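Each of the next two complexes has chain A plus one other chain: chain B in the first, chain C in the second.
So, the complex of A and B:
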């Protein structure tokens, strides 16, 4: 193999790569925030008593989890304008990733809720809290601690999914990597640096969330 | 708002050959990746669970590096890097290799978890009756670990089918790229992306059902008989 490494085109575009990475992180954080709120509501539906709400939650999760995220992204960006619902690139992607994240977060929080011992909500009842306050003050704090490890895993995996925004030309890291790749043909350099950036970011995210987890531990 | 359903139906019929071909490519590349990735992943998982440090560390590095990289980057990198590395791959081959590497990293973690969940007494009992390590694996550990790993493995297999959509980016004519080609002729974006979604859902639903069946089937198998 006589390939001469030349990282110059990559370093010249370094600010672009970082900008792309920052945009990807922003998209991920926003979508995960929206997805987590929706997931929390759906998780309470899934573990609740109402059969229609339970069916809704299970139906949503099983449909969305069995769809490829790329198809959801393309459907929203190219398909929905036909119904008069046109969004710009980034908004479409955030919408798609939020819908996707909601399904995964429902499962995360549902598992967390199932891990909450029933005794503590009974204790809440015994001291006369309303059902809503029991959920908010008693169940939620315990459930969030249970759900932290799975939440962290899904956070990292949803962040990696932001690379798919490149498919609809949202200028995030993979988009710039493809651009630099086709302009400079420094194939090995571009992709090794891009992969390294993703790996480092994923590592930092999981380190951060693990730190948060141990701080929250009782 | 007009969904042009009759036009949509006639376009499905007109393009049925292409759609079937695309779905077949999706299924075959996923099956290839799942089969090869599972074998590779089981070896790496075994190394993670039982090997000594010189073997365990490279395995850990492999799993962490691959799992930290988005599949799309893995697919693009495999495809573009194969030529300068002196091993030019066709898009299909590059895609299958990338999905296999990705699948292996997931299966490795699943398999490590399953192996480590087995009571250590199982391994010791195998040693005590004089089995060699490969035989302990084959007759004692693997059958039990397989039952534990089955549900997560099925989820990983469905993830592979979903990840195979990314091969459309490097020009593998799987179901998604085929749909996009059809759309570029008739502009039925909404309808054909919906159809693609429905077919992916159907494929993954079948995998789900198969997984449930296998889990139920394996439930009773290989359990120690009660002493007479």
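So, the complex of A and C:
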């Protein structure tokens, strides 16, 4: 093996890679925020008393979780415009990842809710808190703490899924890596640096979320 | 003395299993009533009906003269709104076997939550009152501790403070010492005894026969969903009339 490494084209395009990484992070954070809010609502539906809402939540989760994310992305970007619903690349991707994240976050929060001891809701009832106050002041904070480890896993996973945005030419890290690759042909160098950037970022996210988790531990 | 809790012909079923089969009981202001009986006799269910943690299908419960949980509308029995039920529950304080403190809040905030959100006190007033109650139960030094940092006995004392701080008309204790290590039982019983001496109206479901005998004005023996015998502790423990009560007391080592 006498391959000569040449990282020069990679370092020349370093700002582009960082820009792509930042965009990917931005898309992930936005999608996870939207997905988490939707997931929270669906998780309360899934664990609630209303049969129609329960069916809605379970139906949503079982459809979306059984779809590859790439199919959702392509469907929204190429498919929906046929029905007159066209979005730009980044918006399409955020929409796709949010829908996808919502399904996973529903499961994360549903498990969190099931882990809230029923006794503490009863204690809330016993002191005269209204059902809404109990959900807000008691169930929600305890559930979020329960859900933190699974939330962190899904966060990292969903961030990695932003690489699929390259399929519709959203200029995130993988997109730029492909671009530099095809312009310079330094295949090994480009992809190893890209891999290192993903690993480092995911590791930092995990570290951050683990720190948050231990601060919130009950 | 005026009647504070008036339970009239209470019936309660889980599906086809009838667990309360027509219970009548009245508790006067300032009275301490203990409910004893073997597990499955319906004593905890009875207690939980008083603050509507359990729904009931027949009969009425009046707290301070007003019927709770249900009303008649066009000749039909309908459940009150949750908002109204929340108000009714605030009249009773409940202490649970498993303490049920809010795990994400400090001892202090376990108490201030209800004071601010239900009683509408300002944060400063709530803290002042909560600290007063924590001092009363000997837990002031632990006010910033989370439940997970406290022993069972300490958690239960905070839970008692949380309940009485709401200024309920009556305190309900559901086997408040059953989940405690034996050496922690006394500190909780002392706290309950203190409240009794202050004249707090209380209903206790308990397995602590000696304690029931000592603090109660009235003891109720439940069996198979009915009140089998009731009376002052001296008579109930001293000369039980029902053979089932005699059996129960013998098995409890009295």
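The rule is short, and it goes like this: the second predicted complex is superposed on the first by the 218 of 218 C-alpha atoms of A that agree within 3 Å, B and C clash if a C-alpha of one lies under 4 Å from a C-alpha of the other, contacts with A are read in each partner's own complex, and residues count from 1 in each chain.
By our rule, a contact is a pair of C-beta atoms (placed from the backbone, for glycine too) under 8 Å apart; a residue touches a chain by one contact, two chains touch by 3 or more.
Predicted model, so just to flag it, every value in this text is computed and none were measured.
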{"item": "Which of chain B and chain C A:120 touches, first, second, both or neither", "value": "second"}
{"item": "Chain B versus chain C as contact partner of A:28, first or second or both or neither", "value": "neither"}
{"item": "Which partner, chain B or chain C, touches more chain A residues", "value": "B"}
{"item": "Touched partner set for A:218, first chain B, second chain C, both or neither", "value": "second"}
{"item": "Which of chain B and chain C A:96 touches, first, second, both or neither", "value": "neither"}
{"item": "Contacts of A:66 with chain B and chain C, given as first, second, both or neither", "value": "first"}
{"item": "First, second, both or neither for A:131, with chain B first and chain C second", "value": "second"}
{"item": "First (chain B), second (chain C), both or neither touched by A:43", "value": "neither"}
{"item": "Chain B versus chain C as contact partner of A:142, first or second or both or neither", "value": "second"}
{"item": "Footprint overlap on chain A, where chain B in one structure and chain C in the other make contact", "value": "none"}
{"item": "Chain A residues touching chain C - in the complex, by the definition given at the top", "value": "117, 119-120, 122-131, 133, 137-138, 141-142, 145, 218"}
{"item": "Touch list for chain B against partner chain A, complex", "value": "1, 64-65, 67-74, 76-77, 80-81, 83-86, 158, 161-166, 168-169, 176, 180, 183, 189-191, 193-194, 196-197, 200-201, 204-205, 208"}
{"item": "Residues on chain C engaged by chain A in the complex (per definition of touch)", "value": "51-53, 82-83, 86-87, 89-90, 92-94, 96, 98, 100-104, 113-114, 117-118, 146-148, 159, 162-163, 166"}
{"item": "Residues on chain A engaged by chain B in the complex (per definition of touch)", "value": "1, 3, 62-63, 65-72, 74-75, 78-84, 156, 160-164, 166-167, 174, 177-178, 181, 187-188, 191-192, 194-195, 198-200, 202-203"}
